[in-house]
Structures are given as C-alpha cells and as structure tokens.
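Next come the structures, one after another.
Shared between the two complexes below is chain A, which has chain B as its partner in the first and chain C in the second.
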Partner chain A sequence: MSDITDQNQNQKQKQKQNVPPLRAAAKTATRVPRPLTRPGGYGWVAGALLLLALPFYLDTFWLQAGLFAMAAAIGAIGLNLLTGSTGQLSMGHAFFLAVGAYGYTALAGDSEGRYTGLGLPTWLAALLAVVLTGLAGGLFSPIAGRLRGAYLGIATLALIVIGLHVIDNATDLTGGALGREVPALNLFGFGFDRSELLVAGVPFGSAEKLWYVGLALLLGCALFARGVLRGRPGRAMNAIRDHRIAAGVMGVPVARYRAAVFVLSSMYAGLAGVLLALVFQNVTPSQFGMVVSLQYLAMIVIGGLGSVGGAVVGAVFVSMLPQVLTRYSDALPLVATPGTGGVSPGEASAYLYGAAVVAVVLFLPGGLIRLVARRTTMSTSGEKR
Partner chain B sequence: MTIFIELLLNGISLGSVYALIALGFVVIFRATEVVNFAHASLLLAGGYITAVLSDDIGFWLALLTGIAGAALVGAAIEFLVMRRYRGADHSVLAIVTIGVDIMLVADIGRRLGTDILSVGDPWGDRVLTIGAVSLAQTRVAALLAAGLLITAFLLAFRYTSWGVAMRAAAENAGTAALMGIRLGRVSLGAWAVAGGLAAVAALFLTVFPTPGLEKSTAQVAMKAFPAAILGGLDSTTGALVGGLIVGVTESLATGYQGDLTFLGRGLGELAPYLVMVAILLLRPAGLFGTKELARV
Partner chain C sequence: MSVLPPRTKATTKTTTKATTKATATALAALLALAGAAGCSSKASDAKDEGKDDAQGVRTGVGVTEKEITLGALTDMSGVYATLGKSVTQAQQLYVKQTNEAGGICGRQLKLTVRDHGYDPQKAVSAYTELEPKVLGYAQFIGSPFVAAVKKRNEDSKALIVPQAWSAALLGSEYIRVIGSTYDIETINAIDFLMKEKGVKKGDKIGHVYFEGDYGENALEGSRHMAKESGLSIVEQKIKPTDSDMSAQVAALKQAKVKAIVLSAGPAQAASLVGVAAASGLKVPIIGNNSAFAPQLLGTQAGPALEKMYFVASPSLPIGDAADGPSKLAADYAKAYPKDGLDNGVVAGWTAASTFGEALKTACKDKDLTREGVAKALRTMSAYDSGFGVQNYSEPKAPSSLESVILQPDKSAKGGATAVREAATSEAAQSFASD
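This part shows the complex of A and B:
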C-alpha cells in the first residue's frame, strides 16, 4: 500500500518538474488563503451586510417571506444531504417538518383548556423538538437503512399518512384541523414576540427579531452540512450514491450510513419545522401535506443536487415564487388575483416550479448553482487544477 | 359473518382497481426502470376527460375518449420529457416525473376547483343482492372489468410480439436493442398502456359509493404506490397481489374501525401504508420482487 502511494507521489513530483517554472510559481502563490483580496470575498461580505440590514428597510410581508425561505433552506439542506448526496429519495420530509413544528408547540405550550403542553422554556423546547425529530427518523431507520432510491421514496409516503393521522387524532397536542397557536421564542429573557422594540428608529416586531435568529440558524446549518460533505462522511455518502457495492467493498458501512444520514436529514427538517412554526405563529395540518414534500424535492433539484448552496438557492426560488406572484399579480399577465377565477398565484407558481424541475434536469444538470459555479471556475480556472 | 363477506368482496373489488393502477406503474418500471410518480395525475387526467365529456357524448364514448386521452398524455410525457434525458441515473428521472406530476395536478386541480364531477356511469347506486350479501353494482362491474383487463393484459404480455419485446427490453435493454427491438417504441407503448389502465381505474374510483371526481381522487390513487411496492416493483404478479392486499386491508380497517377506536379515526386510509411498512421490514424487495443480485 505504502509502495503505491510512494509511487504516486513520485509520479506527481515528476509531473511537477515538467510544469514550466512560472506556472508552478503562480500555483503556489494562489494557494495562500487571502479571501478578501478575491472578488468573491467582497461579494460575501457585501451579501452578509445586506442581509443584516434588510429588517431596517423591508416591510413585514417581505420579511415573513424571507423567513419562510430561510426555514425552507434549512429543510432543503437536510433533504439534499439525503437525496442529493446519498442518492436516497424521501417523500416524507413534510412529516419531519411536522414533528419539529408540533413538537416545539407541544413542548413549549401550556396545558390550558383542551390543549396539553409541557410548558418548557422555549429554547429548551426548540432543542428537544429537533432531538425528537431525530428520534422519529431513527425509528424509521430499519427501513431507511435497507431500502434505496425510489423504493425508499414510496416507503416514506407512509410517514406522511401516519403523520396526518396522528395530527388528526391527537387533538389535545396538535389542535387537530384547526391548528394550535405557537408560543413565541424567548431566549434568556429576550422575547421574540409581537411587542415592538425601537432599534435606530425602526420598530422591531417578531418578524424583524426572528430574522436574525433565522440567519444565524441558516448559517450554522449550512456550515455544518458543508463540513459533513467535505469530510470523510461526505465522501462515504457520495460513494454510496455513485456505487453502493464499491463503497461497501471499500469499507463504508452502507446501511449504517444510510440510516445515519436519514436521521441527520430529519433533524434538519425538525429545525426547519420549529422555525416555520415560529414564523407562522400557528400550526395547521395543511402546512405538512404531500405537496410540501414535493416542494422540497423541487427545491433541491432546481438549486442543484448534492450542494449546500444549491439547496439554499432552490429553497429561495420555490418559496419566494408564490409570494412574488401574489404581490405583483396585478402587473403580471396570465396571473389573476386570488378568487377572481383564472390562474391564481399559487397555481401559477406550481406550473413554474414543476416546469423548472423538468427543465433543470433535462437542460441544466447540476441545477441553478451550476450556473454561478461555472462562471467562477471559468474566471479562476488558473488556480484550479 | 355477512358483514365480513361484504367487506371482503368490497375489498377485493377495490383491490382489483388498485391492481389496475399498480400494473401500469409496474409496466413502466419494467420497460424503462423509471418509478413514475406522475401516475396519479395520469389517472386524474383520464377521469377528468371522461367526466367532462360524458354529458355530451354519452358515457361509453366518453370512457373510450378518456382512456385514449390518458394514454396520449402518458405517451406525451414519455416522448416530450423522458426521452430527452441523456443521463444514466434513473432516480433522477423519478424526480422529473415528480415535476410533471406537480404541473399536471396543478392544471387539473385548477380546472376542477372545488367541483365534484360525476362520470355519468350507467350503474348509479343500485345494489346487487345475493342471499344475505349485498354489493353495489359498481363494485361488481369494477371487479369484472379489472379482471378482464388484467387477464387480457397478461395474455398480451405473454403471447403477443409487443409483450415479448417488452419483456426482452426489461431483461436486458442492450441485447434487446441489438436484436432489433426498438426501445423507444417499447417505452412509448408502456406509458400509453399505463395511462389507459389508469383511466379505467379512475372510472371505478369515482363511481358510487364515492361522491365523484374531485381533487382528492389523486390521493386515493396514491394507494397504488404501496400496492406496487409491497408486491415488488418489477413483478406483474406482485402488482395484482399487492393491489388485493391494499384493497382488502383498507376495506376491513374501514369496516371494523368502530372496534378499533383506540387507533383513532380514519384508520382505513392509514392501514394500507402500515401493511406496506410491515412487509418492507421483512422483505425489502417486496413479496414477489426479484432480490437484486449484483456481479462485481
């Protein structure tokens, strides 16, 4: 084994010697990490400042839409770990969103009237809701570990049906079809409720305050997923997706990895569910149907399978589309305002992202993120080997 | 006992309808290795065409048009979308069918709105009574029609040159193509047949005792997925057995849910999926599916 690597290194050194000295020097020079001297670095900083400043300028409608997109992005990153990177299709993502959302509501809510709740501190309830979702994913692991691809997709349909059944019947926890009010988040005495707070002359309601929570969570989730994908687990996951048997032969415990990724992906969905519940301030069963699972699949395909950035781009696209169409339905041709007949914004966005899924797979394998990535690789091709 | 027999017969009849849907699903999978998540929307398309036309041109002609229409929609999906895909990964194609499904369901859902359309069938709500057992005429018709279609399909699959081509393509696409079988036609045929079968199933899912064709009919059609997978995705026998298991389970769970209240209301919807999970735990490839063997 060591002989082989030695040989490889020898060969590499030989190749390096063949490289003209100028180019070799350029290579070593660009390897020094200087993020802010590259145009990409400035872009990131500008984008971050813009996102931090948005609550001072946007109205509640757009902030809510943005928060919705952030929650969707967290869920989509989780689904992309499972479907994009490991090649396991899941139609049950909405179920895990529901476990997170209802879990938080029941753990943090008080027992009053016809509802049951534990009345835990809200930050603890949010944490436990994510753990609870992980447990729910773990319970499904005998199936998640053994089935693959589209088989798992159909098997996870059962989760949606089971979830809706439980929501329908455990009315003291979930409020049934009418839904249940979600207690506002409270972090160590700082409440993310409707009480307004003046920051630099701008009234901060729940949407403005939650915006920063959402940004922090999304950043943390994205970095964690990137770490998983770039490290040893990520390589194992991609190996399972590309060739299951070869991965097994090389010592990757295939079933264990599949089950573990399923659990991780469901925990992401659980966190997304908690955030969704906080944004909507009310949980109802219609937020967690079959259609929602399909939307999440559409997000990761449109954005780009297997990449964290792709999941975020796709989530923003799919979740903002109906909002944008609703807001500008007067100005757009073919889209009617809701209730007047004709194509409603919701339906128009369903046509659009359905078509986007088909078009992306056929004409743009790699998703929207590939468009951005291709441009950067072209501009920086000198430093890429 | 009478109730049990009635529930069982109802279940078998319902199961034969699920088997029709699952059969189309399996045919597409065998011919092209694509799991077709747009199957429920094919069914919705067939049912919609039948229901809209039946007032004007009579039920039987409308049914024929519905079958032809759904077959055409299926063939169009194959020709316009599936055939354009150049990659090798079939699970990505499954996601493409999800995209197609989102579009079709949005479109038919928009046309339907909150309406419940009647397909205008000749059976109405009449009931057939034999001894103490009574059964809706629509259920008898469903059982007969499904039985007839499935038999005809299996015979065609076994004896006609179309069936031989289909089986050869499923066995080994490369060899079949070298032997002069046109794979494009095989998969086009598979999608068309699946569409037609789904349209017939749509008829029997929307007649008495169900209210009619509505948006949620697509969810009812979803039960063909557990039917297909618990039988084994690549087995026609599996589709039949799976359909019957799902139908009988649903019927019995609905009929006896008064005795099973501790499991909650609406058990009939849930039971087929629970059976699917239980069977997949024991046999991950389904009851009749070929266990995957790989040569390295």
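This part shows the complex of A and C:
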C-alpha cells in the first residue's frame, strides 16, 4: 500500500518536473503576487484601508458599481476554479447565480399577495441559498463528472434555458418578468437597508452598508479559493486539466473531483447571486441570461485563467467598464449627440468595450493579472527602467 | 503526503514583523480617517430640499438658478433601440422648443441622456448616477428596471415617466404611466372587434401574446372581456425570440377563431398577418400599440397588413390631421429629416410635454421640489398634450381608459390612420372600476 503511494508521489513529482516550460512559467506567474505581500506589506494595508474608507467619500453610483464588481468577482473566482484550474467549461454560471438570487429572495421573502416565501431570517436565507445552489450543482454533477471541456459547456447551456423558463413561469416564487423585491439583509438586528444611518457625519444608505458585507464576503471567498488551489485539491485539479489520464493513473479520482469542483463553483455563483440580489434590491430574469454566462467567461479569460487574483481583476474590469463608459458617454471622443446620425454614446461604449477586450486577449495572453505580476517581478529584481 | 514545502521560519518571522508594523500603521491611519471623514464632501452634502430662490420658488435636487435637469434612461443600443431613438429625439425636440420659448420658471431645461442598452446593471446604475443630479426622469425604458428601482424611488421621490404600459407599474405617486395600460387597451381592442368586425357572443378568438409582463397584462384584459361578453379565448404564448408564427396560425385555424389579438412585437405582427393571409385564415387581427411599426408596410406582408390588421393605441397617430400630431410631425421631420415618424415620437413627446406641464404648474405653486412636481402632476386632471386627454389625479388608475383604433396605411404619415376615434368601451370602464 505504502509502496504504491510512494510510487504515486514519485510520479507526481516527476510529473511536476516534466511540466512543459510554458505551463511552468504560467504557474510561477500565478504564484508571483505573493512577493507583493513582503516588500509591500504597506501596499496591502494601504489598499485595504482605501477600500474600507471608500464609502465615506464615493457617490452611491460608484459604490453600487463596486458592489456589482464584488459580486461578479465572487462568481468569477468560482468559475475560475472550474474553468481555469480544472479545465471544465461552464456556460451555465448565470443559472447558478439565478438559483442563489431567487433562492435567497424566496427563502427570506414573506408569503403575501401573489408571492410565496418562507420568511426565514435573512442571514439564514443567504446561507441556505448558497447550500441550495450547491445542491443544484450536485444534481448536475453526475453529468459534470463525466463530461469534459467543451462538451460540458454545451450541456450546461441547457441549464440556462431551463432556468429562464422556470423563472418566467413560477411567478409566485420569482415574480415573473417584472421580478420580485429582495428583502434587505439583516445581521443580528442590524439592517442593511435603505434607512439612513449617520456615521461620522456621512449618511450611510444600503450601498454604503452593503459595501462592507461585500468586502468581507469577497475576502473570505478569495482566501478559501486560494487555500483550495494551493493545497492538494488544487494540485489534483490542475493535474486533471493538464492530463486527465495521467491524473487518473496517479490516483486522482477524476470524476469525483470534477463533480466536486462543479458543486464548489456553483456555490460561489450562488453567493454571488445573493449579493447581486441584495445590491439590486430586486430580481428580474434579464439579469441571468446567456450573455451573463459569457461575461463571466470573459472575466476569467481577461483577468487570467487559474488564479484568484486574475478572476477578481477580470471581474472588476468586465463589470465596471460598461457602467463607467455609460456614465462618461457624453465626454467620449468621436461621439455624436443622439439624432445627428453619428455614433451614439451607447454604441461608442460598446465598441470601446469590445476593443479593450480584444486588446487584452491579444497583448496580455495571460490576462490582466500578468500586468500586475510583471511589475512586481520587475520591482523586486530591481529591473525597473 | 503533502507536497507543499514547509514555510521556512525566516519568512514567517519577517512576515509577522511586517504585519505588526503594518497593523500599527493601519490603526493610526484608521483613526486619522475617522477624523477626516467628517470633512468628506459627502458629509457636507446636506439635503438641499426646500431652498427658496429670489422669486420665492422652493427648489430642490436638479434645479439651479438657471437650469432644470431631467434624466432620460433610454435604450439606443439594445432591443428597443428604434423606440429609444425616436422617444429621445422627440424629447430633445421638446426641450429645444421650450428653451427657445424662454424655458420654464425662468430656467432652461436640460435633458441628460443615458443609454443602458436594455442591460439591467447599466439601467440601475444609470438611475443611481442621475438620482442626485436630476429633478425627475422624463423617460425610462424597460419595465423590469422601473420595477427594480420602484422601492428606492419612493425614498428619493423623483418623478419617473416610464415608456411602458404595464398595469403592474401603477400605484406609485412617483412613477406615472401615461395613457391606457395594456389590459385596458386589449379590452378596447376586443370591443372594436365585437362592435365593428362582427365578432359575437359565443365566438372563439385567438390571443397570441409574449411571455412576460406586457403579454400577460394584455391577457388579463382579454380574459376579462371573454367573461363579460361570453367569448372564449384560445391562448398562444410565445417568446420574444419567436418570429415565425406558422405554428400559431395553424393552431388558431384549427380552433376556428373568428378574430386574433396580438400582444407581441412588430416582427411577430408581420409574420402572423402574412402567414394567416397566405393560409386562408382571413379574420381581423388586432394588435397592441407595441405590435406595429411603419417599416412593416415595406415588407411582403404589407398588403395583407393594410387589409386585415388593426392596432389599438393610447394616443392619436402621428399622421393624424389634428393640430397636435400634424405640428409635431412637421417639426420632427424638420429637426430630424433622416429619421422616420413612428409612435415612439408621439410617446416621447407626450411624456416630455406632460412633464413640462407639471413643471409649469409646480412653478405656479412656487414649489419646484420633487414632491412639488409630483403634486402638481396630480392636479392635472384633464391635460391634453394634443394627442388625447389624460387624467393624472389618481396614481392607482391609468391616466386614460381610451384607445384609438388605427389601421395600417402606406400612404399616411407614420403608416397608420385612425379608423375609430378615442373611445372608452363600457367593458374597460367596468374593468377599471373593479
């Protein structure tokens, strides 16, 4: 028995040494953000302080955009575990977001009028919504465990179609096309609702209060994912991605791992859905279409496949850019005022968004995270030019 | 078993050292921050509601000495791009004309347009962005998004005029739908079929409708009418992505319907009417106002549309000979010579001029705050923007129960002429008073 495990280990180590140079480079790249903590412990602290202080200074618009980005980041971390680290493609991420968002709404909402709800305490509802999404992922896991790559992508497409159909028709739970109001989060008597609360002279509405919830959730999710990726499961996941058969030979239960990662990834999506619902204060089917799934894929590709930081950077980029471009649409170059026949602000921001995505994919094949990583390696080795 | 190399003591030590130092800095900075927060611009941003200007007019958010800023949350790059463009241009025309005539309350109007492309996140964030800057929203396309901001808008009290006619949007003092809602419109449409197109008690009529609030609200109307007048409804639910209506026509033909109601988009109207005419199902077909666009007349279905299709609309068509429509048509064509005339122009103009009238009334009452404007609108119980009389006194009821029945007509401006003047059917009256 121990001989076999020894052999396994030997093989694993051999496999590790035999990884092609490109992959190895990518791996070091994903590790690189770590040195950032050492020379620049202050950098992290300053960043954290800045994030904590933002609600005191920023407009609700920016806070809300930031919260959308945080929710997207949580979802993207989950998808990156599945797609970036395990090599499984999922087009059904929006479906799990929807399960989380609607799950929370139905569990926490009251049964009144045409709606059905359990009226649970909101923190419990949030927790159960995440568990529920995990269960939904689990139900799909016999399929997720057996299919690989693009095949799984096609199979998960079905989830979106089914999901939207159910949302449109189970109107007592979901509110149908016009959506349903989301009960505000309430933690131990503290309500994260719209009522204003003065903190150091600054009025705190729901966006300001939720900001801290979002930060805490994102931090927790990022640390957990990092732990998974750096430990045994992460190595097994990467082995499955890089060489499924070799991983199986080395004793990694491939199907079980795939299924488990799928469940974990859906739970991340579920939590993202809960946060999204809280920020929106209303859930509607148009938030969970196919385009959303594609956006999540864009996030992890743009940010950097396989790393937690990449997912976060990509999520911020993809979810903030359209909103910021819309906001400053009047000031964009080459934009005509509507009606004069030129490029309208909305179209211009769509073009810019597309161009930015193409530019990142072309010139930063490792994703935006490489930009950060490269700069740190340069500064640590003193190669600054 | 673990392959992870153990952390060396050295690194741990330096990290902890760095951490303690960092924590100290963090604490110091946090303290400084708590003090600084007091001077954040957000803190000094006291509510400016209830400031009186030189003329004694109370003003609030979105109103300065020289300007009144209104928001327009439109869709010029998404699914409702055509509608959004017409509505926005008509509103910009209104703003331009009003400013040339001296503005309102001694102030110039300004329309801040945000194109959300029918994306929920962009729509809600555009609403949030404009909320501290504008007095109200003269346009908001996308009923799911209007519903999404409904609750927070109760706090900010900004007047919103949505470009949607779902009855679910009624009930708020600050979200005011202009004209009859889809259910009322459908009742009036079926009333027209019964009074003028020979549909009688005991007949079957087909109803092809979109999944979602628009179609389902219309369906409530036809169900009510079926109960009132002893009709039976053959329901056909479709998705907005379905554009071939052959299956629906076949089913309705088999059910031997005497007429068809359509609550869908222009593409579905063209397909439904074209296929019905080709397969010999020669019955009158009537659509809600969103189920028609003048561009359809240029398609193969054009001749059939002119013969057997009707449209129920909350306002007079742009091609009507009355003063309001003909003036608007001329002005719009002059301002935007390249763009066609459609019902979006009427809808946008009506919304902007109603908002403008509310501002004028509020100015007379010396209260140009958000609440003042909403209150002023409630006093307008018989306002005619030139396209039909509207009563805004009751937020829970649609502002009008009337519908005009149009018939597509290639030779008319805007592609349609009125075949029945604005009228309220008895059934609509009884439905509204329920």
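Note that the second predicted complex is superposed on the first by the 308 of 385 C-alpha atoms of A that agree within 3 Å, B and C clash if a C-alpha of one lies under 4 Å from a C-alpha of the other, contacts with A are read in each partner's own complex, and residues count from 1 in each chain.
Simple rule for what comes next: a contact is a pair of C-beta atoms (placed from the backbone, for glycine too) under 8 Å apart; a residue touches a chain by one contact, two chains touch by 3 or more.
All figures in this text were calculated on a predicted structure; none of them were measured in a lab.
Chemist: Touching A:Gly149, do we find chain B (first), chain C (second), both, or neither?
Modeler: It touches chain B, and chain C stays clear.
Chemist: State whether A:Asp110 touches chain B only (first), chain C only (second), both chains, or neither.
Modeler: neither
Chemist: Taking the superposition as given, does A:Tyr42 touch the first partner, chain B, the second, chain C, both, or neither?
Modeler: The answer is second: A:Tyr42 touches chain C but not chain B.
Chemist: Tell me which partner A:Glu347 touches in the superposition: chain B (first), chain C (second), both or neither.
Modeler: Both: A:Glu347 reaches chain B and chain C.
Chemist: What is the contact status of A:Ala298 with respect to chain B (first) and chain C (second): first, second, both, or neither?
Modeler: First partner only, chain B.
Chemist: Report the partner of chain A that touches more of its residues: chain B or chain C.
Modeler: Here the partner covering more residues of chain A is C.
Chemist: Taking the superposition on A as described, I'd like to know which of chain B and chain C A:Asp168 touches: first, second, both or neither.
Modeler: both
Chemist: Across the two complexes, what residues of chain A are contacted by chain B and by chain C?
Modeler: On chain A, the residues that contact chain B in one structure and chain C in the other are 168, 344, 347, 350.
Chemist: In their complex, what parts of chain C are in touch with chain A?
Modeler: Residue positions touching the partner: 1-4, 11, 14-15, 18-19, 21-23, 25-26, 29-30, 33-34, 37-38, 40-43, 75-78, 85, 88-89, 92, 113-122, 124-126, 128-129, 131-132, 143-145, 147-152, 155, 166, 168, 211-214, 216, 335-336, 338-339.
Chemist: In the complex of these two chains, what residues of chain B are touching chain A?
Modeler: The touching residues are 35, 37, 81, 84-85, 87, 90-96, 98-103, 105-107, 109-110, 219, 222, 225-226, 228-229, 233, 264-267, 269-270, 273-274, 276-277, 280-281, 284, 294, 296.
Chemist: Looking at the complex, which residues from chain A come into contact with chain B?
Modeler: Listed in rising order, the residues of chain A that touch chain B are 87, 89, 142-143, 146-147, 149-151, 153-155, 157-158, 161-162, 165-166, 168-169, 245-246, 249, 290, 294, 297-298, 301, 305, 343-344, 347, 350-351, 353-358, 361-362, 365.
Chemist: What residues on chain A touch chain C, complex-wise?
Modeler: 5, 9, 12-13, 16, 37-38, 41-42, 44-46, 48-49, 52-53, 56-61, 64-65, 68, 168, 176-179, 181, 194, 199-203, 207, 230-232, 235, 280-282, 284-287, 319, 322-323, 326-327, 329, 338-339, 341, 344-347, 349-350
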